[in-house]
Amino acid sequence: MKNVATLGEILVRLATPKKERFVQSNNFDIDYGGGEYNVAVSLAQFGVPTKFITALPDNPIGDVAINRIRGYGIDSSNIIRQGSRIGLYYLEHGAAMRPSKVVYDRARSSISEVELGDFDWTKIFKGTDWFHFTGITPALSKKAADVTLEAAKAAKGLGLTVSADMNYRKNLWSPEEAQKVMKPLMDYVDIAIGNEEDAEKCLGVSAENQDVTSGELNPDAYKDVMSKLFSEFQFKKIGITLRESL
Amino acid sequence: MKNVATLGEILVRLATPKKERFVQSNNFDIDYGGGEYNVAVSLAQFGVPTKFITALPDNPIGDVAINRIRGYGIDSSNIIRQGSRIGLYYLEHGAAMRPSKVVYDRARSSISEVELGDFDWTKIFKGTDWFHFTGITPALSKKAADVTLEAAKAAKGLGLTVSADMNYRKNLWSPEEAQKVMKPLMDYVDIAIGNEEDAEKCLGVSAENQDVTSGELNPDAYKDVMSKLFSEFQFKKIGITLRESL
Amino acid sequence: MKNVATLGEILVRLATPKKERFVQSNNFDIDYGGGEYNVAVSLAQFGVPTKFITALPDNPIGDVAINRIRGYGIDSSNIIRQGSRIGLYYLEHGAAMRPSKVVYDRARSSISEVELGDFDWTKIFKGTDWFHFTGITPALSKKAADVTLEAAKAAKGLGLTVSADMNYRKNLWSPEEAQKVMKPLMDYVDIAIGNEEDAEKCLGVSAENQDVTSGELNPDAYKDVMSKLFSEFQFKKIGITLRESL
Amino acid sequence: MKNVATLGEILVRLATPKKERFVQSNNFDIDYGGGEYNVAVSLAQFGVPTKFITALPDNPIGDVAINRIRGYGIDSSNIIRQGSRIGLYYLEHGAAMRPSKVVYDRARSSISEVELGDFDWTKIFKGTDWFHFTGITPALSKKAADVTLEAAKAAKGLGLTVSADMNYRKNLWSPEEAQKVMKPLMDYVDIAIGNEEDAEKCLGVSAENQDVTSGELNPDAYKDVMSKLFSEFQFKKIGITLRESL
Amino acid sequence: MKNVATLGEILVRLATPKKERFVQSNNFDIDYGGGEYNVAVSLAQFGVPTKFITALPDNPIGDVAINRIRGYGIDSSNIIRQGSRIGLYYLEHGAAMRPSKVVYDRARSSISEVELGDFDWTKIFKGTDWFHFTGITPALSKKAADVTLEAAKAAKGLGLTVSADMNYRKNLWSPEEAQKVMKPLMDYVDIAIGNEEDAEKCLGVSAENQDVTSGELNPDAYKDVMSKLFSEFQFKKIGITLRESL
Amino acid sequence: MKNVATLGEILVRLATPKKERFVQSNNFDIDYGGGEYNVAVSLAQFGVPTKFITALPDNPIGDVAINRIRGYGIDSSNIIRQGSRIGLYYLEHGAAMRPSKVVYDRARSSISEVELGDFDWTKIFKGTDWFHFTGITPALSKKAADVTLEAAKAAKGLGLTVSADMNYRKNLWSPEEAQKVMKPLMDYVDIAIGNEEDAEKCLGVSAENQDVTSGELNPDAYKDVMSKLFSEFQFKKIGITLRESL
């Protein structure tokens, strides 16, 4: 069984209970979210030894997040305690025809203000076989992008398998900004994960004659994108994520 | 009955229910707080026509705050919708010997990033007799201090009674910073409210031979402070706030 | 944007949480309902300046209803405080094959005991373009029917557009009682809203050869009903409400 | 062990949870109250076979009240199902210096609209040794007073011990109204229960030189009142209720 | 209307609220379950006079179960108070693709440790027309099986109709154990209820050429099983239970 | 900083919320308790590396307990998963004059059915400086007492400091049973913790002329008990626990 490390943000999720609307509710159900955190939770639930690496403020709310992480059996010993806040998002669950609403309040979180050198990657990656990150972390801030690159380089240098889920987020950056950061990161990535939109927005690779928003899957377009990705980058494997909206 | 306007911040209060500790709780009870907001609520409950002036993000969480303000019958029509977030604080109620815990997350809220000219004071103060602010708002940021001064000047110029509650907050600024901002503001204040610590920290006025932390009230010291305040500033009235810890 | 006034009842809704049955539940979720109140809330949410006109008891429960109304930005300044109670209904949400249960307890609410002259319509309708009522309010009591007629007459006389949603409620009155009250009201209505059943029960107008309960829509029957309504009453427009049970 | 029957009203109690104020709360905790109902619950908890006699509407909310009564092991088989509503009251628990608030909505409840002959007292009192009522039930309405008298007469005639707790409620009737109803009822009472205020308001008997509101207990005044009560009425025993406000 | 008695276990059901997972939840919603208890509740809701017979510990948790039973109008006077615990089960409601999870903790409950002679069947069955049990109770323990047989014999001897729902539970016993206990019980049963799996596992009767797990209903196989059951046992009627998974 | 291991039971605590009575409540707040578990939580909160050793059933409820333990940063890697249940207790919080009620349901929990050899003490105590247990664990069952002795012997043999909190529980065993088990255990204990009652019930050592239940502390009696304990056992230190009832 591999020993995996993920780097990213853990956000407090404040959701209205019982599908109440924001304007009706006097309470929030507290939970935690974040792309890399969710991966760490799933791996730990499947029994894979997992480390989650992030920065959290050194206050009681940061303590609670640590407890939650440890609760799932995830190794939290490499989390650094600095910065001033944990990011959060407000969630109003949809009901029937009413869609869900999400309001993010994540700017200037501890992880988005980390500096090069804050993490001791050699120590962190000791005994670790695999390093996983997503395109969300480098999108948080220039500093977070620098630290992600630092981590990917260190992991690659230490012989870990490195995987990256593109996960393009349009409310965090533009395709131009994304490509400027993501393309250099790919030099250290063994396994790339994403869909056609991610390939286009994060890596600038798109299929001929394919309309991403048409709702129809075109197998040929996928093959085309993948062969372009394999030729432009040195990926060992590419994972395609498909999500069907029910 | 006077028509009152207050300027300040409204914060989301996220409190653990049933005196649960942060580490135990899965829920937050939602309420709202803030020095000037609380004054506006109390005045409205007593039937005084009241305007609350602030900035709130133009998102659903800002909408909820507006609804709450309107719910108390407070005039919310001068609240501007701009900036990126509403400040918040986490509260763990104490129990028996365990004290309460408060974690603030209010930096860079919409009100702390207002600019000179964002509010149209002539329009806002039309039909208003009284303007009230506290020392918390100018402590939030340089910008908030500038806007508070702009408001106090406008109010004074338009013939309103101006009251200010010093309310020194040591986690927001130092006595030096406070005095640099608060003293010039006093030129526009008719009624000053505070205690000895506020007088010393915000206005640099302290009694002879009085130890603020002794827990003993010294009537002579109070008289001394008040006569100094009246001679140094042009206050019409001074209100002294005493709070007994039960 | 039009300025709208609606007249009607606001009811406390006491619903069992989490689809619990009445016999299981120790709690009620509190919300508010009422045909005209719901219209006022929707208009206010869309940004239309809206007044809600009703009577509420002068006690803390009435205060809470006022706060809720104001919270949505609805003008509550024309609500009169008199009478002894606010109507209420108990709701058990259905689940799977179990249907919802509703128990009304609305008799002798403040709005059902208003008297002619209690409202100053000239003042209320000042600056208002549109008056909306439904067939529920005149069904509450003889007094409420008289006041609805008084309001409709005043609105028409002052040049407002008047709309009426028939909304026949079989547990409040019989077709005979409804027609005796609703037909005279139509003299002041510009826009009538309803479905075939409403037309038949409230206005005594029915289509040839149409079984309301068949579940099949017959376009010709609708045309027939509408041409009869237009010829019998002086409506400018007729809105047909269709509701599909999912 | 005696077999006891009590006659009276059971009210739904809608209390805000966690000491929330009415204006803050989105929920009510449901409980049940009522002077005679509470006596029935206490007796049943102590193992005394107890019947509770009342009228409840024949709807699901009435069903729930029945279930609650049966849950305590109280015999509910003599409760009649008629009338249109169950009375209720809203409760806001006080906190610190803020007092509790109670808003009653009990007018025209099923029990207040019972008629002579609705209950078959011979059947109800079969196997019963003791009948208990309070001054609240006859205060509800003329009809409820008539039925209370009917019950007391029947109980006395059938050889039961009859006890009455005066329980004067100033928001239900005046001393004049109370005495007109309560004095004739005393002809059938063996054991009277109350305090000095009850004696004065319900039975017109007061001590010389005693100020009920002074907060001081005057033993001589009590003796004086009791000797007057024993001489004016044919009570076998008198119970004095004292309540200390903590 | 028949007067029915059921014998069995009542279990505390501790379910996570709002479809929370066990690992997330800080609360359990309390309810009660159990095959025979559920039958008693349904009968009582339909107005059938019903007795529920079980053993419960003589502690406050047992008291609560009694109150719940009485609340539904079920006769609880034959429940014996002995043994040390009430059985319970933990329930995590499923959501979307995630199935529900149930964890039983019912071993050594009071009902599973009853002894022959603990119940006075002659007294219990007085005025009772029908006795119902299921295959769950005899599966709980040897003692519970013995007492079920004792009850069935007594009921049959006293002229009651006896019905038995096979309800094979694979986590309580094997087919061999089940048949050893259930077959002798059938001598006292008038009406047998079950499906094909029950017939095979509890009574050793199976259809030719039928795959219980195929998901297809084979009417001929049912006829075959029923004719075998009628020929092997002296049932007057057989009820077949079909449940469709939606 | 010492590295501590504790051995004992973790119990699910099911408490009625908001001081509701058992008979009123539809919900339980879930928490966890247990003497040694509480010590482990406190040590971990103070930053002491701590291992908690117990047995838990291999089911989802056991998983939740593990998560809770890990959440506090306690090392759970030596917890064995076997047996059939986790012990639990029901708690009704007292209010005003009404005392709390506790109902235990802990018999035959996984920890009470452990066998000699189930734990690998050499491996468990590697890197551990201190072993702590209480008198509750050996009181659970003969097997639990045997395993506690096995652990204490191993700890002593491996050079750990061993501490024992007597914690006499009268509902688990008698003084005779306690002394038979606890006295031999003391051969391996460096630090004994307890009060006078514990000394008397668990170790058979009592002061001259002292009434434990008098409520008065007698310093001389304490000295007498301590000198007897020091002379009879080889304790290095003795800690006296005093608890004042407020």
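Residue numbering begins at 1 within each chain, and the chains themselves are lettered A, B, C, D, E and F in the order written.
Please note the rule applied: a contact is a pair of C-beta atoms (placed from the backbone, for glycine too) under 8 Å apart; a residue touches a chain by one contact, two chains touch by 3 or more.
Owing to the predicted nature of the structure, the values given are computational and were not obtained by experimental measurement.
Listed by label, the chains touching subunit A and subunit E alike are B, C, D, F.
For the pair subunit B and subunit D, the distance between C-alpha centroids works out to 50 Å.
Inter-chain centre distance (subunit C to subunit D, centres taken as mean C-alpha positions): 39 Å.
In whole angstrom, the spacing between the mean C-alpha positions of subunit B and subunit E is 65. Among the residues of subunit B, those touching two or more other chains are numbered 17-18, 23-27, 29, 31, 67, 71-72.
Contact topology of the protein chains: fully connected, every pair of chains touching. Against subunit C, in their complex, subunit A makes its touches with residues 18, 23-24. Subunit F contributes residues 24-27 to its touches with subunit C in the complex. Across the complex, subunit D meets subunit F through its residues 17-18, 29, 31, 71-72. Within the complex formed with subunit E, the subunit F residues making contact are 14, 17, 22-23, 25-31, 59-61, 63-64, 67, 84-85, 90, 92, 101, 103, 105, 107-108.
Of all residues in subunit F, those touching subunit A in their complex are 66-68, 70-73, 76.
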